[in-house]
Amino acid sequence: MSAALDAAGTTLAAEAARFASFGWMRGTSGNLSLVLGRDPLRLAVTASGLDKGSLTAADVTVVDETGAAVAGPDAGPGRKPSAEAAFHARIARVSGAGAVVHVHTVAAVVAGHRWPDGVVLRDLEMLKGIGAAPAGAAVTVPVIGNSQDMAELGDRWEAARDEGVPAVVVAGHGLYAWGADALRARHHTEIVQWLLEAAVALA
Amino acid sequence: MSAALDAAGTTLAAEAARFASFGWMRGTSGNLSLVLGRDPLRLAVTASGLDKGSLTAADVTVVDETGAAVAGPDAGPGRKPSAEAAFHARIARVSGAGAVVHVHTVAAVVAGHRWPDGVVLRDLEMLKGIGAAPAGAAVTVPVIGNSQDMAELGDRWEAARDEGVPAVVVAGHGLYAWGADALRARHHTEIVQWLLEAAVALA
Amino acid sequence: MSAALDAAGTTLAAEAARFASFGWMRGTSGNLSLVLGRDPLRLAVTASGLDKGSLTAADVTVVDETGAAVAGPDAGPGRKPSAEAAFHARIARVSGAGAVVHVHTVAAVVAGHRWPDGVVLRDLEMLKGIGAAPAGAAVTVPVIGNSQDMAELGDRWEAARDEGVPAVVVAGHGLYAWGADALRARHHTEIVQWLLEAAVALA
Amino acid sequence: MSAALDAAGTTLAAEAARFASFGWMRGTSGNLSLVLGRDPLRLAVTASGLDKGSLTAADVTVVDETGAAVAGPDAGPGRKPSAEAAFHARIARVSGAGAVVHVHTVAAVVAGHRWPDGVVLRDLEMLKGIGAAPAGAAVTVPVIGNSQDMAELGDRWEAARDEGVPAVVVAGHGLYAWGADALRARHHTEIVQWLLEAAVALA
């Protein structure tokens, strides 16, 4: 798994630098993950407490489906996984996503505050970017209450989840988005963030 | 046409990277085109589904006046043209423009929502940048309803069109702007986007 | 004057690229000048119609106190001066400034629209950056009506002028700021723009 | 102390360039400091009047606990310390911080104006980044009146201070934030600035 982990670390560092350049990962906020294997579930997740604009390939660690660091020679350089790794693993397991992005944006916090029951979007071409209809039907990006308990956060997400929407707003916290791979997770992140900015500006 | 297509691809990749750096092409949104010839009409258009900040010269394809990919040795590397290529071709044919830019900006969506009958601009020096009078007369940037049918979109634009205005806002979608060549299309895009931002801020 | 003009062109290109990177010179908007000599008055001014983010040292021309291009071997490469060169020359002559910056910002247009009699600023530490008191006394950045007649624009500015304020907002147009040299003109531009953004946000 | 001062200058120049790139140090505004020693207290502080986006390692000077420049061979290249150096020294002495950042942001000025008795924050995950609880308890970022007298500014801060909050808003002026070292001061600056932006957007 060493080469795979190194490749995952390289990808995650590049993606994190991109989102940091947008101002979406201020301080050491946010985290990203890539699925390394599914049987058993293993994810490479960015290490906790580091500046997301200057990660290196080594700044990842491997977690299992509970978000716990995996020991042993395949585990990565032993950095501490983000506390939110368990929620990343939950999203990857339930949705089948291969990559998960979590960023802290002001627009996500404003949208979550304004629409605690979900952000209803309609008649926006950009919806096509998450596989939804650009006109007619409404799409709701779920909003869930924040929690420091990742199991609780995961339960809230599963209860609120719309299978067609690859994102969730955590109130007072930020945005999670995901996709089949890092590139599609990136696109979903950018698109949902744009939709949240538009929703706030249109309200 | 190979060298011409390569040159067009190089230009379009550079222009797309510029607009992406402004945050106007999030996800894989937006597309750009250059007229390669007029008899018959042929356009180089950016390929669909790619990140607009990292296109290469090869990430273009050739379409005819209906937006359909042109087969044969001169057709480019066979990537799929954007679904909106037909509207690019319509704009190029009707207006005589040599380059068309389409970006997804929040300001365009807000302006289109607020002024569904057109964005009326007046007494702004920046209007000179699209060839209009900076004082006295009003200029209206048309706003048209969105559609997935490019012929319908084109008909709406022709019905709403002001020949002196090289841009149109598509409601719930974004901005199209054009010019004689890539540089002038760039300038018109930047200027109309600035005017939309100003109109929203002044309202 | 050749070496001096080349040095001026290099400086103006760098300053213009800086302001363009902030989004303050969209399209081909705005222009900058440096005083080359005072007896008679000669300014190097950025050429008209070019993208301000990618000027070269050669993209300047020399004008006299009326803003007219100066002919002859010392005149620069013969590009067309900006139409606003005459207002640059007027500011340089009357204020004694060695450098003048003109940018098109949305905040300047919003402030000019909201406060047509001048933007009153008070109790802001940033005022020290233009040599004003940070507390107690009010400072007014003049706002003048726009005109295509540079003599009229200059008369309006002289009538509204506060000698202690190195900037003026032109309504529906943008911001002019100046200083003893290019660096101080840059700082005054950035500071007044910040003050306008703050004034709009505080209103 | 020469090598230590050179290292401090290098660090401060890099940190200042980062904040300048965010638009938080327009003109020559803001300043940064690093503690060099505590017995007696000595700080390296950025020199006054320079552009914060292009400092070099030499653009620092050494001050004592009163903010006065320290003479002698260990004093640095003799540039003038920022007038606010005394407040940096006060913060370092009282809080034990090893690094202090001062930036001029519009959000800090807006928040200080809107909440002159302190910015109350609650139920925001980002609070964890300054060591506070993300839910339940409120955290108040103190707001103090501006002053040109650094002793008065220091007294106001000590009177308003919450030991758990590594930041203070100076009304009509900007934001101070600090941490054990330059990296943690950076993170606290970014996090508090994000919290101020969110508070303004949520209000």
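To keep things simple, chains are lettered A, B, C and D as they appear, and every chain counts its residues starting from 1.
Here, contacts are C-beta pairs under 8 Å (C-beta built on N, C-alpha and C of every residue); 3 or more make two chains touch, one makes a residue touch a chain.
Values in this document were obtained by computation on a predicted structure and should not be read as measured data.
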Neighbouring chains common to chain B and chain C, by label: none
Centre-of-Cα separation between chain D and chain C, whole angstrom: 32
Euclidean distance of C-alpha centroids - chain B vs chain D, Å: 45
Where chain A touches two or more other chains, by residue: none
Chains grouped in pairs wherever the two touch, ordered by label: A-B, A-D, B-C, C-D
Contact footprint of chain B on chain A as seen in their complex: 22, 123-126, 129, 134-135, 183, 186-188, 190-191, 193-194, 197-198, 201-202
Contacting residues of chain D [partner chain C, same complex]: 23, 26-29, 51, 104, 106, 109-110, 113, 146, 148, 170-174
